[in-house]
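Same chain, two partners: chain A is paired with chain B first, then with chain C.
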Partner chain A sequence: MQLILNSLASAAILAPAAIGFTLIFMLFHYANFAAGALAMSGAFAAWSANIGFGFPIWASGLFAMATCAALLVLTDRLVFGPLRGRSGGTLLLVAIALSFILENIVRFFYGSQIRSFDLPLTGPTVLWGLRFTPQTLTVIGVSAAATLGIGAILAFTPLGRGLRAVADNATLAAIRGLPVQRIELAAVAMAGALFGLSGTLVGLDLAIEPNLNWALAIPVIAAAVVGGLGSPLGAAFGAVIIGLAEEFTVAFISPPYKGAVGFAVIALVLVLRPQGLFGTAVERK
Partner chain B sequence: MTGLRLEALCAGYGGPDIVHDVSLELGAGEIVALVGPNGAGKSTLLKAVAGVARITGGSLRLGGTDLVALGPSGRAGAGAAFMPQDRNVFRTLTVEENLAVSAWGCPDIPERKAEVAALLPAITEYLHRTAGRLSGGQRQMVALAMTLMARPKVLLVDEPTAGLSPDLVTRMLDVLQGLAGDAGIGILLVEQNARAALQRADRALVLVDGRVRRSGPAAEIAVEPDFGAIFFGAAA
Partner chain C sequence: MESYLVAILTTASVYAILAMALNLQYGLTGLMNFGIVGFFGIGAYASGIVTETLGQPMVVGTLAAMVVAGVAGALISLLSLRLSGDFLAIVTLGFAEAMRLAFNNEDWLTRGPRGFLIMTRPVLDGLSREATPWFILAVFAAATLVTYLLLARLARGPFGRVLRAIREDDLVPATLGKNVLLYRLQVFVLGSAVMALAGSFYAHYIQTITPQNFTTPVAILVWMSVIVGGAGNMAGAVVGALVITFIYEGTRFLAPWLSGLDPTQISSLRFVIIGVLLIAMIRFRPEGILPERVAPSRRDADKSPPPQTRRGTT
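Entry: the complex of A and B
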């Protein structure tokens, strides 16, 4: 059971970013490899608000979400917007370059040392044999609420329906009178906010450092691939699978191999079920 | 003239023009059929009016609105609703969601759905199904219903019966005729079954190589001796 709880905590960190990653993929059909760098930037934004400005942690999280939303909108306008229509491979390389740039900007301003939020020191609580901290429960609760919230927005609101329509067929959406660019902008901001949330959650559960970029990028992408690219619900479910795989690797194989889990799962999914668990098979034309 | 007005319209996709100097007027409740052989530029003309193909010359107005400066979304908002031949529904959305997004920003979506259901009662049978799982005929009806959600002044309908069985072809064309007659919507119709289209249209334009070869009352064009030859590109 402890393993399951730890897995849920790992999944809770990955899920918002994986949903953000899949939202971008749904709309623009490229893999934004800078997902890890954006979440890492969110962690530093939250740390700045918490330590630098003295914000409480919840307000720091909102600040990180707003910062990452603005950052992703900015990079979309400056970097990815002019490259719309280019191949997925080109955009993947650009996203990798962007992740290096973001990581080095953070290193320039913050250095490479490990940081953490200003939180009251509390020991773990033991209940029914399970050891957990208040932060663990917060991470799981906030992530679950965010996942359900995004699911509700996509399923039940005009913006969500419009976003799915644009993702399905942007030309038809324009013909039907939908404001395609405004919907895309809202989706990019939403995805950015989710990266910022993952950054805040990782800061609550682990430590904040520039290396989070690479520590998060592969598991986040793996979660989205497992769930089926283009399926936000699948991305959340994929995060749970990656969380379980990582924690079982730590428990039964060796902690250093945890970083390889994402690669292994991506390879396995691409061989066995390329469309992922919740994705739809697409015929190559 | 409160309807659609094209004057010397030229259009294409960025290369050489495909449509040259086409002029026409479409009034409320009127059906104008665009007929001609394959590759004549009929669909391109519709797409140019809808904002999907590029207008390179001439003017395009709907009522008092100049459409040339507007994108596809703006033209839809101005009242020109385009029903493409294929990929004309959001396949991953339910029929009900397809209808709702087609009235984007309108506060009275339930009322509009009721209006559309009254005009096309068949769609109420599959409102909750995913559009990608519908049959060809059902999908065309949903696509038409989506255009009606915007309460358009004119409908630009591209090959609405493509791939449908003969009885569905008749039903679809009857529905379009009903929309023009009952709802007063002007319809610019491109239809592969030219004779069936001419039977229901008030006027027709014959396009050959992107130019208007002949225009006039549909009934007259339908009985012209060289009508068949036009479709093989042999008419002079």
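Entry: the complex of A and C
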């Protein structure tokens, strides 16, 4: 049971970013490797708001989401916009370079120390033989709410319908009179906010440091791939699977190899079931 | 200053060999291998283990390194048979990260983060202290030249033509009866072995290897070299490696003007510059300094204008 609770906490951190990654992939068909770097930037934005300006933690989280949304819109306009239509591999290379730039900009201003939020110290609560902290419950609750919220937006609102239409066929959507540009902008901002949310959650549960970039990028992409790219709720489910796989590796195999789990899962899924667990076949070119 | 130049050139030749191997895989065949540091590291550690732990001469170490990395390349290639483009990149990146974790944690074999000491060096006995770095540079330059001659010949010949066809659209060579998967396998094995050659030489040059030597920034520099030099052009890969090493090492000399910054900040700044350069290059000059030149086929030779085969979509 303890194992499952820990896995859920890991999954809760990954899920929003994995959904953001999937949204970007649905619309533009490229793997934005900078997902980890953006979430890491979000964690630092939240930390600055929390420690620097003395905001309460929920306001810091909102600040991080706004910062990341702005950052993703900016990089999308500046870096990826002019390169639309290039091959997926080229865009991945650009995204890796971008994640590298973001990581080093953060390191330039904040240094490499490990930081954490200003939170009241509370001991873990033990209930029915489970040990957990209030933070763990907050992380799982907020993440679940965000996941369901995004799912509801995509399924029921005009924006969600428009987004799915643009993802399916942008030209057709434009002919039918949908404001493609605005829908894309809204989706990119939404994905950015999700990266910011993941960053804040990781700050609550673990620690804040520039190396989070790598520690997050791989499992986030793994979760999105497992869920089948193009299925946001699949990405959330993928996050749970990655969380379980990581915790099982720590418990039964060897803790240092936790970092390799994401890759092993990606390789397995891509080889055995390339469309992911929930996705339909995606043209991979 | 002179000794510094020799050191930069020695490092540059290691990068040149790596860049040529990546050029074979990506520039010619279009395979996105982001696991460069994995094969580079396997080469370094395998060579170190064979020469130090098993007490063999360096030649045996280098050959063993190439064989081990070749086998690893074959396995990765077989694992990722159906993948291309960005997904192949993610799987190979995963392989490199897994290798780094293994170097870090398998203390009994690699001595982990404390570093693996290598006493064997590519030097003749009885050389003076002044002559030694020059001799090492000569050995490295010779290895670069041999690699260049072999790979450039391969790229020009029928083998290279099939690889370029696979890059453009693997359906065409497949229809012509070429076994695309076998070609991919060969490219992976050969490229990995060449990367291990670079790793082995590098290990015997710096003499202490730690897992930190084989992290993604190295892969980024090699990718930079290929993109800047001109993907698909072997000479371009060498030129690119020289340019990148000089930019990367040269920015060290900026330090006196940036006296307000601590070393972490300066190192971050260098990586920001390299990253921005890479993105700018892809955006504004995707064909690189030395664009790929493909000889027009005999049938097209009399048509005008001559077909300028250039991959603008890199």
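One rule holds in what follows: the second predicted complex is superposed on the first by the 281 of 285 C-alpha atoms of A that agree within 3 Å, B and C clash if a C-alpha of one lies under 4 Å from a C-alpha of the other, contacts with A are read in each partner's own complex, and residues count from 1 in each chain.
Everything that follows uses one rule, which is that a contact is a pair of C-beta atoms (placed from the backbone, for glycine too) under 8 Å apart; a residue touches a chain by one contact, two chains touch by 3 or more.
What you are looking at is a predicted structure, and each value in this text was computed from that prediction instead of being measured.
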Touching partner for A:N104 - first (chain B), second (chain C), both, neither: second
Contact breadth on chain A, by residue count: chain C or chain B: C
In the complex with chain A, residue positions of chain C that touch it: 30, 32, 34, 79-80, 82-87, 89-91, 93-95, 97-98, 101, 104-105, 216-217, 220, 223, 227, 264-265, 268-269, 271-272, 274-276, 278-279, 282-283, 286, 313-314
Partner chain B, residues of chain A touching it in the complex: 158, 161-162, 164-165, 167-169, 171-180
Chain B residues within the chain A interface of the complex: 50-52, 71-73, 76-77, 82, 84, 87-93, 97-98, 100-102, 104-105, 146, 150
Chain A to chain C touching residues, read off their complex: 30-31, 79, 82-83, 86-94, 96-98, 100-101, 104-105, 107-108, 111-112, 214, 218, 221, 225, 254, 256-257, 259-260, 262-264, 266-267, 270-271, 274, 284-285
